[in-house]
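Shared chain: chain A. Partners: chain B in the first complex, chain C in the second.
Up next is the complex of A and B:
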């Protein structure tokens, strides 16, 4: 199977989640899915833009989708759920003529055609297929017990995302199963981790992410698997803050799902950027015989 | 011809946006109008009297009333015209309320449109001819569809009034939802103790024929003379000989079938009697779980049956009957709560529905009345009730209130405390709706005497944590998040129209709303009638309601049937199609197009093929009249020349109101 698709990396991928970016590109290349980066892409607007001005936010996102369309890309994929939400919201809002006119004025372009945007998860599950993923596995993750954590915006609101179940999503669960891992049903898979509240109110993230870590520990998993740079940061980088605030002592590795896919496909720990993770993943991987 | 026109103000309903005196003035210019006036309330006693007086004083031959929809008051004014000594079909109505004043704000345009409608009515009336109704016999037998408490009450009241009753129920036993309920609010008396005797009365009443495991297949005919076909589904047991001894149930090796009566909280045998008080107390075989019927070998029940009544070859049979009236009391079904992903979508065994909880509390239920968690059989100490699951929630397409969930939740919380004295109950609610006799006192009793904790707010999610369920929601009164650790969660699932309700409505030719509930003829004044003569409603089939209201409606529907059957003959509607024999060429195209089978082929005296309308079967739809190439078949009161005259009137030059 050969797939070719536009690619929107997002800003986090250039910094805090560079290992997500690196593993996504490497895994897609190994699967034979060609990702072509949108030329001259820019920030989607992230959280600040839409809290201030919806037109500005849509303009920042639409610029990218228009560039993609001009470069001949029908569909664009992004690993970041936050970018996904902004890009999808922009497309949706621009179906309104008056709104589109405002955005067009700001961008000084026509905004006549926009590329469609999908998450990398959706591309893997719907376009590539679970069975095809399974066929690429050379080093199944047998013995690794994981909980998949989707965060609150990957599948919601369902009218906008139109992918997977908004309350009980299974896309990542199914991919991890295809990789040979033992996936436990994680009851808080769509609960909020605290998101960007970590900057002004560290205590909120400590509490909310702490609850997620408690629930995962109660299940007895070796690791949590995520698909969102911000979720991963809150659960991994801020794990010690949650421990300190709540008197726990979690040592729970938090992977990007693409990292585990890469390992199962025989790619190296270095290729997958495992050294970038804060909580050391090596003990659990060694225990499970993956490394 | 001398025509009188009466323009009704309907208080300010019409007069506020239509200049009624001007309309009456304009009417005087229309052909044959001998008298025209406006009147405050045409339907009131003085209003009707003034019509009658005008007919006599001005020697009128016909009357136009410009007022509301004929659906509302055509019968009223027809009676008035009749009292004035005219044929009652010499009346036309112009609907200037629903079609004009209520929908338009521009008084000048409204006045013009009202005048146009009066003009149309006058032109039609000029071509009206007196019509005389025929009389026909009434079959004094009623079919009640649905054997829940509403249907049971309706059937018993009819039977007690000396009317023959056919009661049709699709489940193996009558009793409906009420037979599954443990106790009833607000008296907390045993449901089966008060329903059981009524069920026995059904079985023993000489005027009642009971068909369970049966569904209405076809309904033809009309008020007084419905032809019905009832499908009696195969039970694979000869009920004439079955004594209900239950030996077959004890020996049946297929024990894992879904137990419908117990709402799936237990399993049951392939051959079973649904519950000890079942009426009729007869066994039936579920063909999906029966080993003999699925795999072709077993037959244990046939071997042990002392009366040899098992019949694996049994087929559905059709019973044909003739009834004069029908009462639809098909009840309701429960909302499928699995669409709520946040409550676990059916994945958590300790999240149960309210009706499942009733079965768990019921002494004759699968747990013998001991409340046990489905997952591990432990007695729950913390029980959380979530209200409005599938009620008052637009996001799942159920914006309406199911009416009785607040009450049964209070009852279940009280009973929980009775069953498990050291337990705690929590109720997440939106509003407490308890407008009934003794109802609000009851919900207060739950809170004050039984210490049930009511938390006002919605639940955002239920999730397992260890062997507990965490219920997270909001307490909108305290303005904070509420999290309760529960052993068992009970969802107060809302009411949905019964499965197949819309299909039955189509067979009965009655209307139903967008949720599948049957439409009453008038929301206030005709709550148990439908727009189809001879078809009545009772219970939740019409909309959510509790037991006392369902019983009340059952009795009301029975009273309507008794009133209908108090006459020996009914009058047929003369507004039906009629064939002009001289014009008919016998092509019989009308026979093919008639949706009611109301036209038959005959031969005239010369042996020529002709069409003839069966007056009592014709519904007056008019399809035949547009099919007939000769214009030989005409709908009385709506003949081609009348319709054309109406169109003509509408196409005249505009009137002016200087």
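Up next is the complex of A and C:
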């Protein structure tokens, strides 16, 4: 199978989630899915833009969808749920002529043609397929017990995202099962981790991410698997803050799902950027016989 | 103690409805949004009560509350509303109105958002290190996350240089046009859109 699709990496992929970016690109290449980066892409505006103004937010996002369309890309994929939400919201709202005109005014372009956007998770499950993923596994993650955490906006609201279930998504669970891991049913799959409150109100992130870590620990999993740069950062980098604020002592490794896919496909720990994770994942991988 | 203007402001309810595209009257106070709201523990007014206060036209009480700034847009309320009201969008619109009215009830949240957007305006993409530096300078919170520095720095995740893109000026112009600044404000220009 050969697939080719436009690619929007998102800003955090250039910094705090560099291992998500690296593992996504490496895994997609190994699967034979060609990702072509949108030339000269810019920031989607993320949460700050949509909390200030919807036209500004849509203009920052639509610039990228227009650049992609001009480069001949019909569909674009992104690993980041926050980028995904902004880009999808922009195209959805721009179906309204008056709104589109306001956005076009800020962009000084026609905005006549915009590429479609979907998550890398959706491309893997719907375009590539779980069976095809399974066929690529050479080193199954047998013995690794994981909880899949999707974050709050990967699938919500459902009218906008149109992928998987808004309350009980299974895409990542199914991919992890295809990789041979034991996936435990995680009840807080779509509960918010505290999102972008990390810097201005870290007490909120400590509480919300702390609840997620408690639930994962209660399940007895070896690791949490995520698909969002902000979720991963809040659960991993800020795990020590959650522990300090709530009197817990979690040492829970938090992976990007692409990192575990890569390991199961025989790619190296270095290729998957495992050393970028804060809570050391090596003990659980060694216990499971993966490393 | 703050004194609140208690008389109903029907223009407020109409403005929220117009800007959000949502029929605020449909809310019958079932409380499902509040029951599922992860941020409720930190809110001063629960989201279902904000909906009621909008129906009652309590402009000052709503636009001045902390909850608007703390909402993480997690879409739980929107997903679970039995009347299909896009509650998260209403919260977003109330935030816009709160900003426009000059409120900054959770000042650090506002400064963080402003610092983020100023980084995008400068570089076209977010420069994380620059964003944190600007936030720290504006809030004076020099101890913010110093505990994380020893974890982050050796990982080489935080770049010390911004990724400037060719279209940075196009992105900057989006911001200037949004603020209604005259085109004469352009000093460089001439790059491709």
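Here are a few things to note about the model shown:
FYI, the second predicted complex is superposed on the first by the 291 of 291 C-alpha atoms of A that agree within 3 Å, B and C clash if a C-alpha of one lies under 4 Å from a C-alpha of the other, contacts with A are read in each partner's own complex, and residues count from 1 in each chain.
Rule of thumb we're sticking to: a residue touches a chain if its C-beta (ideal position, glycine included) is under 8 Å from a C-beta of that chain, and two chains touch if they have at least 3 such contacts.
Remember, predicted model here, so these are calculated numbers, not experimental data.
After overlaying the two complexes on the shared chain, residue contacts for A:168 are found with chain B alone; chain C is out of touch. By the touch criterion stated above, A:16 is placed in contact with chain C alone, chain B being left untouched. Once the two complexes are overlaid on the shared chain, A:56 sits against chain C while remaining clear of chain B. Between chain B and chain C, more residues of chain A are touched by C.
By the document's definition of touching, neither partner reaches A:73: not chain B, not chain C. Contact with chain C, but none with chain B, is seen for A:157 once the two complexes are overlaid on the shared chain. In the superposed model, A:261 lies in contact with neither chain B nor chain C. Once chain A of one complex is fitted onto chain A of the other, the partner contacts of A:176 are absent, as it touches neither chain B nor chain C. When the shared chain is aligned, chain C comes close enough to touch A:201, but chain B does not. Judged by the touch definition given at the top, the superposed model places A:218 against chain B, while chain C stays out of reach. In the superposition on chain A, the residues of chain A contacting both chain B and chain C are 166-167, 191.
Touching chain A in their complex are the following residues of chain B: 341-342, 345, 347, 461, 463-466.
Residues of chain A touching chain C in their complex: 11-12, 14-16, 18, 40-43, 45-56, 59-60, 63, 67, 105-109, 152-153, 156-158, 166-167, 190-192, 194-197, 199-204, 207-208, 237-238, 240-241, 275-276, 278. Remark: chain C residues 38-39, 41-42, 70, 72-76, 78-79, 86, 88, 92, 95-96, 99, 106, 108-109, 111-114, 116-117, 120, 124-126, 128-129, 132, 135, 144-145, 147-148, 151-152, 155-159, 163, 165-168, 170-171, 173-175, 177-178, 193 touch chain A in the complex. Of all residues in chain A, those touching chain B in their complex are 165-168, 187-188, 191, 215, 218.
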